[in-house]
Amino acid sequence: MNSYGNLFRISTFGESHGPAIGVIIDGCPAGLAIDEHFIQSELDRRKPGQSKITTQRKEDDTFKILSGVFEGKSTGTPIAIVIENQDQRSKDYSHIQNTFRPSHADYTYEAKYGNRDYRGGGRSSARETAARVAAGAIAKLLLKQFGVDISAFVSQVGEIKAGHYTQLDLTKTEDNIVRCPDPATAEKMIALIDEVRLSRDTIGGVVTCVIKNTPVGLGEPVFDKLHAELGKAMLSINAVKGFEYGSGFEGIKLRGSQHNDEFYNEGGKIRTKTNHSGGVQGGISNGENIYFNVAFKPVATIMQDQQSVDKDGNEATVSGKGRHDPCVVPRAVPIVEAMAALVLADFLLRAKANKV
Amino acid sequence: MNSYGNLFRISTFGESHGPAIGVIIDGCPAGLAIDEHFIQSELDRRKPGQSKITTQRKEDDTFKILSGVFEGKSTGTPIAIVIENQDQRSKDYSHIQNTFRPSHADYTYEAKYGNRDYRGGGRSSARETAARVAAGAIAKLLLKQFGVDISAFVSQVGEIKAGHYTQLDLTKTEDNIVRCPDPATAEKMIALIDEVRLSRDTIGGVVTCVIKNTPVGLGEPVFDKLHAELGKAMLSINAVKGFEYGSGFEGIKLRGSQHNDEFYNEGGKIRTKTNHSGGVQGGISNGENIYFNVAFKPVATIMQDQQSVDKDGNEATVSGKGRHDPCVVPRAVPIVEAMAALVLADFLLRAKANKV
Amino acid sequence: MNSYGNLFRISTFGESHGPAIGVIIDGCPAGLAIDEHFIQSELDRRKPGQSKITTQRKEDDTFKILSGVFEGKSTGTPIAIVIENQDQRSKDYSHIQNTFRPSHADYTYEAKYGNRDYRGGGRSSARETAARVAAGAIAKLLLKQFGVDISAFVSQVGEIKAGHYTQLDLTKTEDNIVRCPDPATAEKMIALIDEVRLSRDTIGGVVTCVIKNTPVGLGEPVFDKLHAELGKAMLSINAVKGFEYGSGFEGIKLRGSQHNDEFYNEGGKIRTKTNHSGGVQGGISNGENIYFNVAFKPVATIMQDQQSVDKDGNEATVSGKGRHDPCVVPRAVPIVEAMAALVLADFLLRAKANKV
Amino acid sequence: MNSYGNLFRISTFGESHGPAIGVIIDGCPAGLAIDEHFIQSELDRRKPGQSKITTQRKEDDTFKILSGVFEGKSTGTPIAIVIENQDQRSKDYSHIQNTFRPSHADYTYEAKYGNRDYRGGGRSSARETAARVAAGAIAKLLLKQFGVDISAFVSQVGEIKAGHYTQLDLTKTEDNIVRCPDPATAEKMIALIDEVRLSRDTIGGVVTCVIKNTPVGLGEPVFDKLHAELGKAMLSINAVKGFEYGSGFEGIKLRGSQHNDEFYNEGGKIRTKTNHSGGVQGGISNGENIYFNVAFKPVATIMQDQQSVDKDGNEATVSGKGRHDPCVVPRAVPIVEAMAALVLADFLLRAKANKV
C-alpha cells in the first residue's frame, strides 16, 4: 500500500494537484529533538525551481507538523506532516484527461483503478517524494544520534561519469547545481543537461549513495536483507530502473579470489581489507561503508509531440506542456538519501530485539 | 523477518545442517490443483549435484506436504512443506566454528545474534532457497490459471554474454547444463566455469527473467511498485548484487525521446511500440513483457587459502573445504523464477481489491 | 502502531490539543462515491456538546479531505482526512502537567515515552476517535454497496438495561439523546446520567451492536477470526472493559444441546433456527445477524478531588476540571459502529482472495 | 491469516487429521535457553485423555524442533516445531463429509473455501491450539527472564463460580483435574462436568488469567492496546465468546469515584490502591496485576442427534460420534496462558523501540 517500514513506518498521501500532500511517521522513538529548520533545508534541496537545470515550477514546499511533537521533541505518537500544494496549473493537464502520455502511469492507473486524478499525474507524480524527504529528514535526525552519515551525489548523467566515491570529496556535493562532487565533471554534466533541455528532450543518470558509520548487525535474514530493502526503497522512487550495491554488475566479472573481502583486525575492530561487499554481508551490515548506485531513466515528459492513444483506443498526439525537469538526478539526490535513512532507521529499531 | 508477501505469503525456516528446512504458504486460494510432480521437478532444477558445473553435494530434496492440501487441491489453509536435510557433512565446517569466512555471513551473524549455527552457514546458506522454490512452484500453478508465463535463463557468465532475450528461443533454456538458450554461448560459458572450477576459484553471472502475459494492473503505488517488489525479491537471493528492469542501467544514456514507449492500438488492445519500460509503468504492469536482470557475484567459498580473523580477533587462515558451486547462476535460474512467481501471485491477489 | 486493518487500512494521528487530528484510509477501492454529508453526519453523532448529558465542550468537528477523492469518487489512492482542533482550553490541563490523574493514561504514557503531551490527555484522549468515525463512515459507504447494515445502541447504563435487540425497533435509536431504542428505558437512563452528573460523578454502560446482511464467509482462520477482530476493534476504544458476542458470558451456563444452532433450509438459503452463535461460526460469518456487547467503564474524569502522586512520587491532589461526559455510551454509539464497519470492510476485501 | 504477533510472531499450520500440525516462531531473540522439557510439560497440560473429564482420545503430542535452536539456545532464526498427528480415526468423520454439524465451522468453511478437509474439523479443530501452546511455552521462557508470571485457572463451570483471584492460592491450580485452585469449588465443578458428560451433553465455563510482574509500559496506542491484543488473542481460541479485563462488565455499574484507582507511592514505586484497571491504563501496563476473564461456550459436539442440512440443502440428522470433551475449560487453561504469553512477549520486544 502507501506505507513503508516496519517499526519506523511512514504512510504518505496526496496528489500533485489536490489540496495537499503529506506523511504520517509512526514509530519514531520518543525524546528525539525535531529540528524543523533541518527538515525545511532537506525539502529545499528537493524542491522545484532551485536552478536553471531543474523545472521552473515554483513551489515553496513549506510544511506543517500537525502532531507527535511536543515542546520540540517527539512524543512517540504519530508525527503528521502536511505540505500544501501551490502554483498548480491544473489546466496544463486537461489535454491528458483522456490521452495516455507515453512511459507515464496514465494508462496503467486508468486500467487498474478506472477512476484517475489525471491532473499532473495525480498520485503517480514525483511530487509525492516531498513527503518522503520530510519523513527522511526525521529519520536522519534519529540516525545522527548513532553517528550514521548518509551522502548521495550525482555520479553519472548520460555517458558522463564521475570517479569512484572513494576518490571524491563528498562534502563538495552541494557546491554545484548538479550535485556532483567532482567540479570538472559537474560542469560537463550541467552543460549536457542544458543542451538536452534546449533540444526539448530529457536524459537519465545515476545517483550514488554512501552510508558511513552504520552499526554492525543491521538487516534481517532472509527476505529483509539490508541491501534488499535498500533496493526496494530506491526502486520505489519515480523513474528508477536499476539498483546495485558494492561491486554490483561489474563484480560478476571478477573471480571469487579477487572479489572476496578478507578480514583483519584494526585496533580491536574487525574490518575488511577491500569492500566489494559494499558494507553488507549476508544481508547484514558489517560496519564498512555501504554504497550503492541508483539508475534513473530520462524523464518521460518531453517538450515534443508523441504518438499515443486515448481512452477509447483512438490514435492521439501528446504534446509536451507544463514545466518539467530535463534530468531528474540533481533533485533525486535528497530523495535517495531520504529513502536510505528510512531503511536504516527502521533496521536500527528492529535490531533492538535481536538478542535476549 | 522470514516471511515474504502480503496475501500470498510465505514463511521459510531451517538451517543447512539442521534436521529439515521448509516453508509455510499462507493465503493460497482454495481450489487450486496442487501438482506434486511439478513441485518436485522445480526442486530438481535447483538441487545440487545435477551436473559437472555444479557442486557435487548430493541432496535429493524430496519434499512432504504436511497441511493445506486435501484430495489434491488447496483448501485455503496454510500449506506446510518440509524438506529433510541429507548428506550433511557437518564436520566439514568445524574449521569455521570460530573463524569468519571472507564475504560470507559468518561475522555479521555472530555480531548480530551472538549465538550462531555455523554448520554450512546455517540459516545464511543458499539451502534456504529450496523452500522458496517449492513455494514458488505453487505460485506458478496459480499463475498458470491466468496464463502468466515466467522464464529465466543465464544471460552472462563472467564477461561472456548472450544476446537480448527478444533474440533468443527461451524454450531451449533447459537444453544445456548452464541454462543459456543460446547454444554457442552456452558452450563458452560451460568452458569458462569449468576452467574457473579447475583453478579452485569461482565466477559471477547474470540471470535474466522474462514474464509474459501478465494482466494489466498488477503492482501497487507508491512503495510496493511491481518492479520494486521484484527488485527486493531478487536482491533477497543469496549472492545477488544488482537488479535492473527494462532499459536498466543502459537506459540512462538515452534521450527521453528515444526511451519513451509510444502507445498504439493493436486490434483493440492498447500496446507499446517499444518496451524500454520493461512491462511496468508507474509501478504497475501494462501487459507488455516484463524483463529484468539479476547480477550474482562470484561464490564466496573458494578452494584456496584466505586470510581472516577469528572470534577473538586473532589472524587466521580459512582453507576452502566442502563441495561448492564454481558459479551459482545455472542453479539460480529456478530460484529467480520462483521469487518472480511469488511476487506476481501476491500482486494478483492484491489487485482483486482495487475497484468497487 | 497507530494503524488498523489489512486491506482497508486506517492510520490515525493527532493529539487533543495539537493543531489537528486526522486519518489516512489506505486501500479503499476506487470508484466509491464519497458522500461528504454522510461523513459529517456521522461526526456530528459523535461530537461533544450535542445534548445536556454529554460534555458541554464545543467542537464543530468539520473535516477536510486532502487526497484520494476526485470528482466525488475514490481513486484507490490514500484518502487523507483532517479535522482541526478548536475550543482548546489547554490551560485547563496545566494542573496535570506533573500529576497523574487516576485511571487515566498519564502515568503509563509518562513511563513508556518520557516525553508526554499532557494537554487533554494528548494522544490518549478519546478525541482520536473522531478520526475513526470519519474513516468508519467511508467503510459504511463501501458496505452499503453490499447491503450490510450496522446499528449500535445503548443497551445499559449503570444497572438500567434495555431488552434483547430482537425485541427492539433499532430505527428508533436516534430518537432520544441517550440512543436507546426503548423509549421508557431511555428516559430512565437519561435521568440516571443527569443525577450522576449533578453529583459530579460518572457512570458506565453497554453499547450493543447489530450487523445485518453480512455476506457468508467473512473472517479468517485462525487468529483473525471475525469476532476476534471485532473484539480487538472494540477493546481499542477508550474506556472499553469487555466484549462478548452472541450468547456471550451468559451462554456458558447453557448445555450444548441448548446452545447449538440447528441448520434449516429457508427457501434455498441455509439458515440457523437460533442464533447463539451471533452470526459467526469458526470465526467466519454465516449470514445470520452478528450482534455483540461492548462494556464501557465510568469515565475517569470526575469533578471531585482525588488522591494521586506527581512525577517525583510526592502525594498530590487531582481536582476535577474541564468539561467532560458523565457517561460515555451515548457518544460511543457511532464509534462502535465505525469500528465495526472498518472490520467488516477489511474482511470483505480480504475475502476476495479466498478461492481460485 | 494464520500468523499472530509483530516482532515475536508465530505462524501455525496443520489440520486435525493431516500428517502433522506445527508452528514457526519468528523473532525469538537469540540466546534464549530452550528448555524442551518445559515445552513438553505445557503440551501435556493441553493434551487429550489426561483425565476422566476430558476427551478419551489419546495423543502424545510429542514435538520435534526442526530449526532455530543450536546447542540448546535460540539463534534468532525461525524456530519450527512439528507435532505429528496420531490416533486419527478419520472414519469417525465420514458422516459429516456432506452434512454441517450445528455450531461448528463446517458450513462457513464450505461457503468460504468450497474445498474443505472435513475430517475432524480440519483446520477449524481445536487441535491447532497445540501449536500455540508449544510456541507459548517459548514465549514463557522469554518472559521468565523478565520475571513475568502467567497463571490461568478455571473460575466458572456452568453456574458454579470460584471466588475472586485475589482470594485464591494460584499455586494450587494444577492440584485437581478441573484446574480450579479452590478445592471445594473444584469438586463441584468436576461433579457437574461428569453429570453433563453422562447426559451426553456439554457445558461452558470461564478461564481467568492473572499476569504478575509485568514491566510498566507494555502495550501500544491506539489500536494495539495491551488489553485489545489480549482480547483478540483470547477470542481467537476455539469456543471463546467473551473477554473482559479488570472490572469488566460488572464495572459499568460503578460510579467513577468508586472505580478510579488512586495512585500512591510504595517505597519509591508508583502503585494504585485498587486495581479496577486490571493492570492496564490507556492500553499500557502500569505494573499492577493484569487479570481477565475468558468465556467458553459449551462444546458444540454432543452425543445426541441434531437436525441439520447437507450440502444440497436437504434435511439431515447429525449423530454425535467420536471422542470429545464435555467441557473445554480444564484443557483451555494452558491455551489461555500460551496466548497471553505470546501477546506479552511481542509487546516486550516492541517496547524496546519506544524511546531514543
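Should a chain be cited, it is by its letter among A, B, C and D, assigned in written order, with residues numbered from 1 in that chain.
In the analysis below, contacts are C-beta pairs under 8 Å (C-beta built on N, C-alpha and C of every residue); 3 or more make two chains touch, one makes a residue touch a chain.
Worth saying up front: this structure is predicted, and the values here are computed from it rather than measured.
Distances between chain centres, each the mean of the C-alpha atoms, put A farthest from chain D. When the interfaces B-C and C-D are ranked by how many C-beta pairs touch across them, C-D comes first. Centres computed as Cα averages put chain C at a distance of 26 Å from chain D.
Each chain gets a centre from the mean of its Cα atoms; for chain A and chain C, those two points are 39 Å apart. With each centre defined as the average position of its C-alpha atoms, the distance from chain B to chain C rounds to 46 Å. Multi-chain contact residues of chain D (touching two or more other chains) are listed as 1-3, 12, 27, 30-31, 74, 76-77, 112-114, 123, 221, 354-355.
Those residues of chain B lying in contact with chain A across their complex are 1-4, 12, 100, 102-105, 107-109, 111-114, 123-124, 128, 156, 158-159, 196, 199, 201-206, 216-217, 219-225, 227-229, 231-233, 235-236, 241-249, 251-265, 268, 270, 272, 276-278, 281-286, 293, 295-302, 304, 306-309, 313-315, 351, 354-355.
On chain D, the positions that touch chain B within their shared complex are 1-3, 9, 11-15, 18-22, 24, 26-27, 30-31, 64, 66-68, 70-71, 73-80, 82, 112-117, 122-123.
Residues 7, 27, 29-32, 74, 76-77, 142, 145, 221, 349-350, 352-356 of chain D are the ones that touch chain A when the two sit in their complex.
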